[in-house]
Amino acid sequence: MALSVENLTVYYQTLRGDVHALEHATFQITDGEIMGLAGESGCGKTTLGHSLIVLFPPMKYVAGRVLLDGEELPIWDSEKMNTYRFRKVSLIPQYAMNAMNPIRKIGKMTQELLESRGVDYKEVIPELKRRLDLVALPHDVLNMYPIELSGGMKQRMVMVISSLLNPSLLIADEITSALDVATQKAVAEMLVEFRDRQFVNNLIVITHDISILYQIADTILIMYAGVLAEKAPTKSIIESPRHPYTRLLISSLPEVGVRYAEKRLQGIPGNPPLLLNPPSGCRFRDRCPLAYERCLEEPPFIEVEKNHFVACWKEFEPHA
Amino acid sequence: MRRYLTRKILIYTLTFFLAVTIDWLIPRFMPGDPIRNMLARVSVASNASAIQMMYDYYARLFGLDLPLWQQYLNFWKALFQGNLGISTYLFPTPVVDVLKRAVPYDVFLLVPSILLGWYAGNHFGAIAARAKRLDNFILPLSYILTATPYMWLGILLAWFFGIVLGWFPIAGAYSFSLRPTWSWAFLLDLLHHWFLPFASLFIIEFGGWAIGMRNMIIYELEAEYSRYLTALGAPKHLIRRYAFNNAILPQITGLALKLGVIVAGALVTEVVFSYPGIGYLLLAAIQNQDYFLIQGCFLFIILGVLIANFMIDIAYLVVDPRTRRGMVGESA
Amino acid sequence: MIKRSELLYFTLRNRKLVIGSGIILGFLLLALIGPTFAKYRPMDYASPLGAEPPSAKYWFGTTFFGQDVFSQFVHGLRATFIVGLLGGGLGTLMGMLIGFTAGYRGGVVDEILNAFTNIVLVIPTLAVLLIIAAYLQVRSLLMECLFIGLTAWPWAARAIRAQTFSLRSRDFVDLARLSGMTSLRIIRDEIAPNMMSYLVLVFILQFGGAILTAATLDFIGLGPTNTISLGLMMQYAVLWGALPLGMWWWFVPPGLAITAIVGALYSMNVGLDEIFNPKLREI
């Protein structure tokens, strides 16, 4: 297993107590796999993504282990984690548009960043230029200031920088959210290129837009209210989802080319629970049309089919 | 860049026009015969022919018999000829000469205190932003310093270091017994007299900039580019350097905005220490109701502030590459 | 918008706000009831001995002329608060009018008002105040408030304009416009409540600034001609040799009061900023 996460639990410290943003997350990713991480806003996907690389306060580590290529990542110790950042684990942040120093030329900033991490910039320049070609950015961009670039260009630039040292794991956090549909497609395809050319070993693509994942992800992990709901190959998630939440999610997606003249688009009624004092048992219980007494106990995340994990009693209890 | 500069120059020219107009307008709002009023307070021998001479001179200068617009133009003409009238307080010295004597002292006092205060304050604030324990101590101190009126600090320093400890003199620019010469003794004496007024200005500016910079740095350290660098494992000193470079920009524009306050502070400090700069001169002019001198001081102060503003704008241009490229970085 | 109870909770917990307002209230109390406690009138020659250090008889000692310093002090405090309130209030009001109009209307109006603001901003306030005050023989406290208010508004106008810009383009304003609200109603019901907290902060800073400017004016002798004020006390002290004669009780209290009041105002400002802006709150 390239990436193995066991029982990862991360809380947010607030004045009113700890917010249980992520609870006992356990999953694996194989070499070369692109895993999509999807769910509603506030379900914990960004928390999961970030906890693999940097824990900004008020995030605090509570429990769990992360193994990357067989090595344990010391995510609870920010200083020790530094050796892994950028080299083994890297991040394309949600705010890529503002991720570069506004008063530094992009090339200069990249150079200073690389040199501060002990990389000789001169040696990297040819590779950097090749990557710029790959994402269709002119070499001139290194002499420009961030403000001179468009949103899409900045996104692609940050993609190049983040993946420059060929990290084993690259976390892409909502990188298509702020783009128009055509650019979204281009950027998504570039991510796949990065994996295909082995710039990156594993990709975790965090998004709330499942249609993008359908295009590029090998597997999809669905999260709800801080816990994992379902993980399966993309095809299975789209065509035969097993968790009630996933099912409702997929069915609420409008299909291209289909017009709903009489029916209204179905959403999922209700709201996700507040995570300050999370409810006991299955967190989807209140909104689930299939809930019964067993749901008062939290279901484990179990493999019901090959590579298909679900956390729902209905799926592994014989009676229904 | 050209747009930026032309806008600034336009504003400054307009401001200068406005200031000169105000200067010209004010005496005309006084009730009664302005010249008689002035002459009535002249601290000069009551030589009838001398007074008549001055009256005629001023009448011509004011051109009270001419139409208003012509008086206005004459004023401008006199200005460009370097003629600001004759001081009644220090009769018969022309105002321009009186001012010329005072300006070096102001420059000597203001330039070091502004530059050093700004530089030291900003760097100190940057350090305080990241050193928690230092911050806890510096923060309230800096707030108290910015709240301190300039004249009070001057008085306190004068009293404590001048009277109680007796380390520094508290009046004048140099000892009365000495004559200005290029000798070591004189220069040392000059510095000796200069130190307390300089310190009183410097300390308050230092406090103000330290606080401002500390807040700016904290803000920049939480900016998205700082987070990105942290996520990529960049060392703290790189992140701090970037934060500093970004935070210094509003501090530069801030300097331009605070010039008015600093000038006021220098003014009262000069009064406390009887330091013969324009501020001290202005006070004497007011007390003796020497209107020409008052107007002259006003114009000089305005001119000085405009020039300083312009220099700061140029400095900003150099430091912020976005403005050079014609992007709208800071609002004018 | 935050709920009432949450607002109150943070208000009471915020040390800077509590200590700051405590100091202000203390001085305010002194200014309001102090003059009734003062045994002598401020300008009366109370002591035949001239300058005396603080004692049971004269709590803050006497001036060179034998005037009761305590009496001058509490009367001067009154003047200070009046100037802060009226001068600062006028400055905030004008800043509001100009900044808000410029920010909301935009376009040509904004350009003109902006240029106007920049011009007034560049001119050193004190120089203008000096010119005006020097030509007036008799000056009252109200006139000082007027002058200060009329010259202190530029930075408030700028700040309010920037805030208006950012609020104007927020979604809820567009929504209101789409639903057909008139401009005035939009301003009153949608934008103003969001600006309220910002205006309070601006007013506090204007209050403090007015006090400092007034002290400077008074110190140079261009303050009100008929009232005693803290700045004037300091001028007299310096003029009549308090320094070489060591009459510290004459010049320490007025300056200390100003520093304490303005410092408390700044502290309140930071505290209120933390309350209104949850991101700044320390856990």
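Letters A, B and C mark the chains as written, and numbering starts fresh at 1 in each.
Here, contacts are C-beta pairs under 8 Å (C-beta built on N, C-alpha and C of every residue); 3 or more make two chains touch, one makes a residue touch a chain.
Since we're looking at a predicted model, the values are computed, not measured.
For the pairs B-C and A-B, the count of C-beta pairs in contact is higher at B-C.
Distance from chain C peaks, on a Cα-centroid basis, for A. Between the CA-based centres of chain A and chain C the separation comes to 52 Å, rounded to the whole angstrom. The centroid of the Cα atoms in chain B and the matching centroid in chain C are 22 Å apart. Chain A and chain B have Cα centroids lying 56 Å from one another.
Among the residues of chain C, none is found touching two or more other chains.
Under the contact definition stated at the top, not a single residue of chain A touches 2 or more other chains. In chain B, there is no position where the chain touches two or more neighbouring chains simultaneously.
Of all residues in chain B, those touching chain C in their complex are 11-12, 14-15, 18-19, 22-23, 26-27, 29-30, 143-144, 146-153, 155-156, 158-159, 162-164, 170, 257, 259-261, 263-265, 267-268, 271-272, 282-283, 286-287, 289, 291, 294-295, 297-298, 301-302, 305-306, 309, 331-332.
On the side of chain C, the complex with chain B involves touching residues 114-115, 118-119, 121-128, 130-132, 134-135, 155, 162, 208, 212-213, 215-216, 219-222, 231, 234, 237-238, 243-244, 246, 248, 251-252, 254-256, 258-263, 265-267, 270.
Those residues of chain B lying in contact with chain A across their complex are 223-225, 227-235, 238, 242, 245-246, 249, 320-322, 325, 327. By the touch rule above, chain A contacts chain B in their complex via residues 50, 53-54, 56, 81-87, 90-91, 93, 95, 98-105, 112-113, 116-117, 145, 147-148, 158, 161-162.
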